[in-house]
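In the part that follows, the structures are each spelled out as C-alpha cells.
Heads up, the next two complexes both have chain A, just with different partners, chain B and then chain C.
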Partner chain A sequence: MTGDTSALQLVLTGDPGLYAIVWLSLLVSLSAVACAAVIGVPLGALIALTRFPGREAIIVVLNALMGLPPVVAGLAIYLLLSRSGPLGSWGLLFTPAAMIIAQTVLVTPIIAALTRQTVEDLWLEYRDELAALDVGPIGRIATLIWDARFSLVTALLAGFGRAAAEVGAIMVVGGNINNFTRTMTTSIALETSKGDLPLAIGLGIILIMIIVMINALAWTARRAGERYAG
Partner chain B sequence: MLNRRTLLTAALLSASIAFAPSAFAQDKSIIVASTTSTQDSGLFEYLLPLFKTKTGITVKVISQGTGQALDTGRRGDADVVFVHAKSAEEKFLSEGFGVKRHPVMYNDFVLIGPKSDPAGIKGGKDVAKALVAIKDKNASFISRGDKSGTHAAELALWKASNVDVEKETGGWYKAIGQGMGAALNTAGSSNAYVLSDRGSWINFKNKGDLGILVEGDKRMFNQYGVTLVNPAKHANVKKDLGQSFIDYLISPEGQKAIGDYKINGEQLFYPNAEDTGA
Partner chain C sequence: MIIFTDATVAAGKVTILDQVSVAFAAGPPTVLIGPNGAGKTTMLRAAMGLVKLNSGAISCLSSARRAIVFQRPVMLRRSAAANIDYALARGEARTQRIEELLNLVGLAGFGDRPARRLSGGEQQRLALARALARDPAILFLDEPSASLDPASTKAIEDIIRAVSARGVKVVLSTHDLGQAKRLAGDVVLLHRGRVIEHAPASEFFAEPKTDQALRFMAGELLV
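And then the complex of A and B:
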C-alpha cells in the first residue's frame, strides 16, 4: 500500500496487500475469541454455580479486568515472550501467534464475566428443576451453557469487538511488520503517522464495515438457531 | 446451522494457520529493529524488496524510536539494529550488545514550523539562534520526547542554544512521547515548531500549513548506522543472515540503491559507508 492511493481504490482494485491485512486481522481476532471462549465460558459458568470463599472478590476482579488496558496486556505478554523473558525460547515474539495470545488475555475476562452473569441469571430459573432431576455439577454447567447459548453469542461478540478494535497490545507484541504482523488497526496507526489521513480513515471505514458484517452474520445465525431450537 | 463441532474445527483450523507462518518464516528471515524515520520515509518499502530478490532473505522491520530499538536489541528480540544516534549506538557496543557498528548513510534534520512563523526564524542558517527565538517568543514547540534519535538530536541542539528545556516542559515546550509522524501531525494542528529528519518530512502527506524554516546548519547532520546484535549475548541471533543484510547495505550495490531512492525527484538519504569515522 504505497503511493497516492485511496482506501476505496484499494478495495475496488482488489489490492492484495489490503486483503492480506484484512485476513490477518480476522484470523488473529477470531482465533483469540475462539481461545478465550474455550477458557472463558466454562470458567464463567463454574464461578456462577459454585460457592467458595473469595468468590465475590474474584467476580469483582473479573469484571474489572474487562477494562484491562490493551497496552498493559501487550507489555506483559511482551516481557513473557521476549528472548530475555521466561518463554523467550519459544520464539513467538513478533509473530501472529503472540498477537493471538495477547488478545486472548484481553478477551477472556469479557467472555468469562458476561458468561457468569448470564448463567447465574438462568440458574435462578432452573435451580429447582435441576435439583429435582438430581443433575450433578458438571451436568448443571453443561445444561446451563447449552440453554444460554444464544445469549452467550452476545458475550462472544463483545469479545470480538474488543479484539478487532484494539491496537495497543498487537502493536507491542506483533511489531506491525509489513506482510507479516500488520493488521487493520496497526495499518491505520501507521498511515496516521505518515500523515496520510484519508487512507487511514478509509481503512477505518473498511474495518467498521467488516465488524458490522461479522455481527450481522452472528445475528442471522442466532436467529436461525433459535427458530430451529424452537 | 453451525454446530459446535464445526465451530470448534474452524477455530482450531484458524489457530493452526495463524501459527504456521511463524514456523515457516523461521528459515530465511531476520528481524531488524529500526527507527520510525526509516519506515515513515518509505526507504524500507523500496530497499527491502531489492535485498530479498538478491538474497531470498525476508527482512521483518520493527519500527521504533532509536532508544527503544536498541533496547529491543539488548533483549535479544532483534538480529540487527539500524538507528541514528551515534552516542547511544556506541554505548550499546560498549555494553557488549553489538558486534560492530557500520555507518550507512546520512541526511539532515530540518526545523519545521507554521507559515505564520510567530518566532520569525524563516530562512535562518543558525539553528541555535532560531531555537532561542522560539523560546523568547514562547512559541509552541513539539518535542518527540520518546528517546528516539531525533529526540536526542533535538536535545543536543537545545543544549547548544543554552536553553534548559527540562524546566520549560508543559508550557510552550510540549513533549508528546510519540513518533515523527505523530509529532508532525501535532505541530500541524497546533501551529507549532518541530524538528524532523528530512526523509520523514518529504514523505509526510499531511503538511498543511507547515514548511521548512531552518536548514543547512552543520549541527543538524543526521548519521545512520547499522549493528549486528551480539550472538555471544543472545544465541538466537541469526548472525549469518543479519550479517548479509549489513554487508548489502554497505556494499557498492546497496549504497547505490540508497542514493537512488527519491520522492518527487528529491533524494532522501546520502550513502556514506566508506566514511568509517561517521
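And then the complex of A and C:
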C-alpha cells in the first residue's frame, strides 16, 4: 500500500496488502472474542450463581475492568512476554499471538460482566423450576447459558466491538510490523501520523463496514434462532 | 405419604405456615383451599423441599419422587419436546416417552413448537407433562387452572383425573370451590397459615365443621 492510493482503489483492485491487513484484523479480533467467550461466559455464569465472601467486590472489579485502558493491558502483556519477562521464553512478543492474548485480556471482562448480569436475571426466573427439577450446579450453569444464548450474542458482539476498535494494546505487543502484525486500526494510526488522511479515512470506513456486517450477521442468526426456539 | 408435623414457616415477623400438622395419604387428589395468603403455595413448596421450615418437620417416603407445577410455570427456551426431554431421566426411551406424555396432555403434534410461543393453557399442560416426565409418586399443582378459560380448565382437570387414576398422588391448591368439588378426595382448608379443617370431600362439603369453612363456602371473605 502506498500513501497516495485511496482505500477504495485498494479494495476494487484487490490489493493483497489490504486483504492481508483485513484478514489479520479479523483473525486477531475473532480469535480474542472466542478465547474470551470460553473464559468469560462460564466465569460470568459461575459468579451469577454462587455466593461467596468477596463476591460483590469481584463484581465491582469485573465491571470496572470493562473500561480497562487498552494501552495498560498492552503494557501488562508486553511485560509478561518481553524477553526478560516471566513468559519471555515463549517468544510471542510482536506476533499475532501476543495481539490475541492482549485483546483477550481486554474482552474477557466485558463478556464475563455481561454474562453475569444476563444469567443472574434469568436465574431469578428459573430458580424454582430448576430446583424443582433437581438440577445440580453444573446443570444449572449449562441450562442458563444455553437458554440465555441469544442474549449472550449481544455480549459477544460488545466484546468484538471492543477488540475490533482498539489500537493501543495491539500496537504495544504487536509492534505494527508490515505484513506481519499490522491490522486495520494500527494502519489507520500509522497513515494518520504520516498525513495520508484519505487512506486512513478509507480504511476506517472499511473497518466500520466490516463491524456492521458482522453485527448484521449475528443479529440475523439471533432472530432466526429466537423464532425457532421461542 | 407426606406428613407435616408442626411445620412452621416465617418470613421476618410474618408467619406464613403456623404449626401445620396434616398428612397427605395415597389415594384421590387432596385439594388445598383458602383465601389469598392462607399459605397454600408455601405449603406445596415446603412439601417439595423448596422452602425451609423454621420449626417442625415434613416427612416423606424417601422413595417417593415428587414433582410440582407452579402457578406460572417457566418454559425453557426450547421446543415443547425439549422441555419434556429436559426432565427425563438418563437412559429412557426418550422419543417414545415424549410422544406418550405429549399425547397424555393433549399436545400431540406440538413437540416441535417453541414452548414459549404456546398459549397459557398449552404451557400449563406442557408443564404438567414435564413434571410427569420425572415419574413422580406425588404431584403438587399450585393453582393449575388459575386464569385459564373453561375449556383449558377442563383439559387440565381431565389430565389430573387421568394421572390420579394411574396411582400418582395429586395435591393441588385452588381458589375454585367448584374445582375442589369436582376433583377432591379430601379437602384441607387453610387460613392465615393454619389448617382450619381437613376432611374427606363429601363430608367437608356436606357438613363443614368449622365456622370458617361454612363462611368460605358461602362466598364470604375470610380476613
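By our rule, the second predicted complex is superposed on the first by the 228 of 230 C-alpha atoms of A that agree within 3 Å, B and C clash if a C-alpha of one lies under 4 Å from a C-alpha of the other, contacts with A are read in each partner's own complex, and residues count from 1 in each chain.
Note that in this section contacts are C-beta pairs under 8 Å (C-beta built on N, C-alpha and C of every residue); 3 or more make two chains touch, one makes a residue touch a chain.
Nothing here was measured: the structure is a model prediction, and the numbers come from that model.
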Residue contacts on chain A - larger count, chain B or chain C: B
Partner chain in contact with A:Ile138 - chain B first, chain C second, else both or neither: neither
First, second, both or neither for A:Leu27, with chain B first and chain C second: first
Touching partner for A:Thr95 - first (chain B), second (chain C), both, neither: first
First (chain B), second (chain C), both or neither touched by A:Ser82: first
Which of chain B and chain C A:Val60 touches, first, second, both or neither: neither
Chain B versus chain C as contact partner of A:Val212, first or second or both or neither: neither
Which superposed partner A:Leu8 touches (first chain B, second chain C, both, neither): neither
Chain B versus chain C as contact partner of A:Tyr228, first or second or both or neither: both
Touching both chain C and chain B, counted on chain A across the two superposed complexes: 228
Of chain A, residues touching chain C in the complex: 125-126, 128-129, 131-134, 143, 146-147, 150, 227-230
Residues of chain B defined as touching chain A within the complex: 1-2, 7, 10-12, 14-15, 17-19, 21-22, 25-26, 31, 36, 39-40, 42, 44-45, 60-63, 74-77, 178-182, 184-185, 203-207, 234, 236
Chain C residues within the chain A interface of the complex: 45, 48, 50, 67-68, 70, 73-79, 86-87, 113-117, 130, 134
Partner chain B, residues of chain A touching it in the complex: 2, 27-28, 30-31, 34-35, 37-38, 82-85, 88-89, 91-97, 100, 175-178, 180-181, 190, 192-197, 221, 224-225, 228
